[in-house]
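Following this line, the structures themselves.
Shared between the two complexes below is chain A, which pairs with chain B and chain C, respectively.
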Partner chain A sequence: MSLISTLARLEAVSTGRAQPAATVRHRHLGDRPLVFVPLTTAGEAGAPLGALVGTDRDAPRLLAVPQPRDRDLRFAFLAELADVVLPYVDSYADAVEAAERTETDPETGKRVKVEVDLCADAPQLIVPSRAGIDLVRLLGRSMRFRRTAEQDPEAPYPAPPRVPLLGRWLTHFGERARVPGSSLLLAMTDVLGRHWVTGQSTLEDQHLGALLAWIDPPQGVTGAEAALRAELERDAQGQLTCPPAGPATDPAFDNKLLAPAIERYDRARTALSAAEDGLEADDRLGALSAAEREIRDLVLSRTRPTWDAVWRGLDLLRELPEGARVEERWTRDRWSFTGHRDRVLAGEPPQPRRDDAVTAANKLATREREQARLEAQEALDDPLVMAGRRLSGEAFAGEVTDVVMAYSEGKRPSPRPLVTVRTDDRPYLGERTKVYRSLGGKPQSAEFVADEEDGALVVLRILDKMGRGKEPEPGSVPEKGDRICFTLFEHEQRGGAKLPDPEETPWTHGGPPGEAALEAADPVTEEDVL
Partner chain B sequence: MTTVFDPSAAAARATDAILHDTLHGTARGVVVDSPPGAGKSTLVVRAALELAEAGHPLMVVAQTNAQVDDLVLRLAEKNPDLPVGRLHSSDSDPYDKALDDLPSVRTSAKAGDLAGQAVVLSTAAKWAHVKVDEPWRHAIVDEAYQMRSDALLAVAGLFERALFVGDPGQLDPFAIVGSEQWAGLAYDPSASAVTTLLAHNPDLPQHRLPVSWRLPASAAPLVSDAFYPYTPFRSGTGPGDRTLAFGVPSDGSGPDRVIDEAAESGWGLLELPARHTPRTDPEAVRAVATVVRRLLDRAGAATSERSAASSPLTADRIAVGTAHRDQAAAIRSALADQGVPDVVVDTANRLQGREYDVTVVLHPLSGRPDATAFHLETGRLCVLASRHRHACIVVCRAGVTDLLDDYPSTEPVQLGTVVKFPDGWEANHAVLAHLAEHRVVWQP
Partner chain C sequence: MPPPRTRGTALRHRLAELRGPDVPAKALDARALAALAANPGCARRAILDGAGVNKAALASALGSPSAFGQSQFALTRGNAFEAKVKADGGAELLRLVHEKLDRSAEPPVEARVPDLTATGPRGRTARTELELREATAHPGAWTLLDHPMLALDVAGSPAFLEPDAVVVHPDGSWTVVEIKSFPLLDGSADPAKVGAAARQAAVYVLALEELAARLGAEPEGGTARLGAEPEGDAAPLGAEPEGGTARLGAEPEGGAARLGVEPEGGAARLGAEPEGGTAPLGEEGDARADGTGVPVPRVRHRVLLVCPRDFSNLPAASAVDIRKQRAVTARQLARLTRIEDVADALPEGTCFSPELPAEALAAAVESVPATYAPECLSACELAFHCRTRSRQEGAVTSLGRPVRAELGGLTTVEDVLAAARGEAGDPDDPAVAALRRAAALRAEALEAACR
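After this line comes the complex of A and B, so read on.
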């Protein structure tokens, strides 16, 4: 934990209110995000119990699985989810703008610019917590290799149409969420935790109710009291008044309310199948729908508070102005969305179960680059974030006290002015350490020459962005009295080296991965048919 | 029957076997594990010369520019006529200026300019941008355990066969983003190059260098037991081959007593009272600076097997090691306050591969309320405890053993990964148990 966040945490404890960790919003928020609040059943990994999903805060769509161990009901749930999510995703697929991309020409091998479509906007999924992102990934994995009856008439348990497609999209969202700074799939606790620092541990911040209690406590109550209440307060029936954001549910809810309700549903279903005539069946069908309604009401009662909390979080975040470089990162998300849309349209197979060596290395390289980019951009967008970097010796700000013109040696001397900056910061500057400042959105680099007065004065030599002439272009050199801020980290990330194609995987990494066999669905085991 | 262990003969046997497999073997790779100070660079230089002299064009991959420059200088020293190519980046000051004075060394940012040189050396990052039609017959990959698997993936297409040399006990490569997604895959891009290489090619011949020439007889057993329990090594020198003496007698203070203890036994632990502190614990920082100051003030003289005469313990023969950069910065400024500007103070990552007579170490867990994976990492402690030729003095708050017992390591178990032994918990306990015998308790 950095020093500034430790200080903010202490301040939050003493004031009883979360402290801002940012002055601008560092994540993109779309106009019409799709909020998804899922619940799972205890005891079986990734067995959905129900969900609230939708883009309208006043009209969420309730989905519920009255018997979570019933595979047919689970498929029905997933099919219903697909009916909500896929039209939402598709609504972003058609509006495109023209963009340029460099590609390698297959014939000449040269890098050429090609004009391609870029989706003008992209869908955005919001889940309450990080565990929600894991569930999105798990659902994606469990669905994308399924076969529909149309794809494979022999499949013993064909999936409803569009369910495999939903699996591919959820996989894409889940995979994209691993890229630092991406906003295609966000966990509300993560985004709130990025913008506010509470007086509790980061682990406790994973509780959406407690986190919101710190950020926006009710009148007359401290954040700590409100958070404690959110975590522990139970009603007369012994149920949490602020149910966990899920996907896991509270055991007291499972034992006291859910299990008896499912039991009643099971009994009603057995009774219905044992009905001997039409009249009896009608009655028992009524009992079954009543039992099902009861479970739906239970699911709604546990998801609705979280649903409202997510929207409240969105309101709080929308009050912050968007950071200047957020748009640029969202454009990358749009590229990612467009790319997957094209792969789906082209009829490519679903994402493989495991990455091959080259894909894994490429992904890791991209994410490391995005992480460095994100850290730099957040600091440049936000003086409060920059203050943290200054406090940790990675940046310094100050006033220019002196500028001395100097020139490089050589045939064509170029300007290399020496700039003295008075600063209260204590950056870790070593001999010829490179530093950067933002000049009209582009990084200008300088090198450390010397310090005077015990580090209070820093002398720098400006190295570039001064034009081609002997005299620097106006405005390109700081002037006496200017307030400027230099960072020790680079502002822009270099692209890495190109890795070999997967077919060229070297012997050290097991050689080429071989023929890509069409991945079969998971084999059906005894547990699958209870 | 007792056999006398002859370190030179044992090391020579190991080197001969490695060179034989490299020059005449049929396997595509040869892996050499080298404990600290076991003559890894010497081996690399010798293998490079023999391959080059046998007429095999050779590429050498190292991890940092400093390592590459060091190898070039050593090659040129051994064989001034060998045409050597130094491939460098197009940044400003990409290589050591000393290379420009060597007539047989050619430097360029383009691999094409260096075609025909017997040996071409560069960093893994630069090699990754090189494209060739015909791969090199031979390569040497230095510090292969500090190289990440994805870096090897980028360069492995450039050579047919390679000698991989490195120290498995030092700091593992790391990624700045999570990589759990690939844990357990043989080609996990965040694993070390050697891990991936051996997972796919388990039959490659593996050797190890059995003798540490750097570590004194007092240190080799501890470092070997704590960090290399399954691949033990010995020190090249025996007890009494190296001595450290001081002209100025002790003034009885804690720092002086710990210096005497370390001079006598090779290890010293200066234990401050138990306390939870910020990372840049002001008392511990001052204690480190005071120890360094006294080391210099007391006119130390080191005698070693290298020569009969003793050499003075000067500032350039002392280093201070820390876990974090801010700790290093705090100690640097404390040393400046004490009028000692020239002693190297750096983090474990940057001290890798370096060697000093005496090291002063601020223990990574000193004053901490928790033991995170970073602070427990075996390699970090191993680097800090294995840089010295004579003595190592550790400055630490009391209570680290309790901290270790209160926080057993709880890293999630990943299926399919090779568990690294010893873990940091075990290694830390082993080192602390040994240091406890050389403890000087001091209330500053």
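After this line comes the complex of A and C, so read on.
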């Protein structure tokens, strides 16, 4: 955390309201995001209890598992979830635009441009908290190796038809969420925490209710008071008035409300199966559906406040103007979505449990590159982020006080003007350190020549983006009186060295992966939980 | 040598007074002991834990009840899984121990599973000790101790600990087994949960090592008394190297050495005390005595963590090296002994009984300094109370330890903001200069954004 955000945090404490940590929105928000508020059962490895899901804030779809230990009910939940998520994902798969991609020609080995489809937009999943992202990944892992009755008639507990496909998509969303700056799957607490700093610790910011209370407190209440209420206030029954955003539930809710309700449901079910005639069965069926409705109401009562909170967070975020380079990063998300769509269409097997060496190395390299890109782009989009970089000596801003024309030596002299900038910043400049500024969206580079007056004046030599002629193109060289900002970090990220093809994996990394074996489904047992 | 027993009795008496009349001491469990490692500098937590105060009740009496609770679903599931792992006389559990930790040994076919029931924690501890001695004295067989009870001396009062299981290998060494209900998914589990399990297991290992040192010293007659002293209230850990030294002194020369043992043991003990945690680490290698002496049973520093595999209820196991956690916990426990100093600094008549009125309790709690940080929220029942206080004082640590670290000597919100605004603080102080620069840059950026 930079000193600037620490300062903002302290200001939030003294003013009782969250302070801006960004002046623009650094994440893409689609027109029609799919919000997913899941709940799980304590103690089980993510066994679902219920969820609210949908794209319409006024009409969420409620899913509930009245007995989380029952496999059929869990499968019914997953099938229902697939009915909501897959049509939503599919609705983005068909609208495509033409795009170009460089690929290596398999015969000549040359890099050639290929015309391919790129989905015009991509689906976007929003969950309340970081734990929600973990659950999406876990659900994906639990479903993608399942076998349906069609795939394998021998499977002991066949999954409903579209469940394995849902698993592959959720896995893709979960993996993509690990790439810095991506917006396919977002956690609301993370995004809000990126744009505002509150008067509490980042640990406490993980509570969505408390975080929103700081950012947008109710009339006449300070953020601190509202946050405290969101964290701790309980009603007469001892239940939290602002339930945790999940997926874990409050133990008091489990013990006092949920457990008795599940017990009633179990009893009603046993009674129904013991019914002796139709009339009795009818009555008992009524009792069973009443018990089920009770659990659905309980799930709704715990998820609805979070659902509303997520949408409120979206409203707040939409008030911020989108950063200039957000669109470019979203295009990468669209590529990622298109790529996975193609893999599914081509009938490729689900993502493996463990990546092979080349895939893993590629993923890591991508994440590192995207992290560097995100940091650079956020700074260029947002003066407040740039202020942090200036404070840490990675950038400087100031006014041009002098421009002296100079030329490179050589047969065809090119312009190499010397620009003097007066700055209050203290960048870490060494001899011939390269610095960059944004010129019409493209980086122009310069090198450090000398400083005067104890660092207050910085002399730079502009190196490129001035055209081919002897005289620089108009507007390509700063003029006296201009206010400009240079960074010490590069604006665009270059990829690292190319990795070998999977068949060329050296023995140090496990050797070639060999024939891709179809991964077996998880063995199912009587007592599975997911 | 100072008479430790008297000193210890006095401390125990003093701690009982702090707890309040007729309030039973809340036994320290492994989880609480391990949590001490999270914030060892907190005198408040140290004295309240040391005195066996029920912090949850105290927090409720203070008006800031803790938010800890366990869902009955988690509890049921945990118990069901443990029962499954230990079914059939622990056959599956022993198979996992053999496979993951001791493949060179005979596979466990028939294992002894002694009955450890007894009345009261002391009775169960004695029973456990007896069975462990028995199992160690007859090597060559596997023994599974299901829910043994171990005593660890914590700052003058014994804490009773109940590991899920302890296994005695055919070579006489001991392994702690932790059974948890979070899943091992594709061979990996949540690192935070594994860390917590490892810290908990480390406490069991420490308790076992203390017991092992005692058993190892016992048959030597004269040394037995030394070995028995670890209740020696001042330093629970001081007891450990002591066992070690006594053994070293006693073994090589047999009978002749025995004469020299007592004074030497005493001297070694004084020297060993301050080192507390570090000394026993070196012990592992030479756990078996060379020659004639009785071997000190080796407590393995790799524990077995048993979790459900993937999404099933089938057990999967992994060996976890807990040397680091063990060293940290040992050091923290050694530091805990300083609760004596904390207790001495308290005003006369201080009492933490939950029956007292809230103001009196608040004053009592206030008389011990706390070092609150947001991490406390997940580890300490009193955290909400301390947080309120910390916020009232405007302490910057309530925003997180890293925040505090950035601000140099400025510790309150008002100080920092005044320094940033240029109203206070020495401009030559680098922390103040950086703050002013940050404030100026921030204001400039926000202004630019508004335009």
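Everything below uses one rule, namely that the second predicted complex is superposed on the first by the 526 of 530 C-alpha atoms of A that agree within 3 Å, B and C clash if a C-alpha of one lies under 4 Å from a C-alpha of the other, contacts with A are read in each partner's own complex, and residues count from 1 in each chain.
Throughout what follows, a residue touches a chain if its C-beta (ideal position, glycine included) is under 8 Å from a C-beta of that chain, and two chains touch if they have at least 3 such contacts.
Since the structure is predicted, the reported quantities are computational estimates derived from the model, not experimental observations.
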item: Partner chain(s) touched by A:L499 [first = chain B, second = chain C, both, neither]; value: first
item: First (chain B), second (chain C), both or neither touched by A:R9; value: second
item: Broader residue contact with chain A after superposition on the shared chain, chain B or chain C; value: C
item: Chain B versus chain C as contact partner of A:G43, first or second or both or neither; value: second
item: Touched partner set for A:D94, first chain B, second chain C, both or neither; value: neither
item: Touching partner for A:V358 - first (chain B), second (chain C), both, neither; value: first
item: Contacts of A:D297 with chain B and chain C, given as first, second, both or neither; value: neither
item: Which of chain B and chain C A:E233 touches, first, second, both or neither; value: neither
item: Overlap of the chain B and chain C footprints on chain A, listed as residue numbers; value: 354
item: Complex contacts: residues of chain A adjacent to chain C; value: 1-4, 6-11, 13-14, 20, 23-24, 41-45, 138, 141-142, 199-204, 224, 232, 249-252, 254-255, 258-259, 353-354, 382-384, 386-388, 390-391, 522-530
item: Of all residues in chain B, those that touch chain A in their complex; value: 28-29, 93, 125, 128-129, 149-150, 152-154, 156-157, 175-179, 181-182, 185-190, 193, 196-197, 200-201, 325-326, 329
item: Chain B-touching residues of chain A, taken from the complex the two chains share; value: 178, 180, 354-358, 360-361, 363-365, 367-368, 370-372, 392-393, 426, 428, 432, 496-497, 499-500, 504-511
item: Residue numbers on chain C that touch chain A, as the complex places them; value: 67, 69-78, 181-183, 185-186, 308, 310-314, 374-375, 377, 384, 391, 394, 396, 398-400, 402-403, 406-407, 413-414, 416-417, 420, 434-435, 437-439, 441-442, 444-446, 448-449
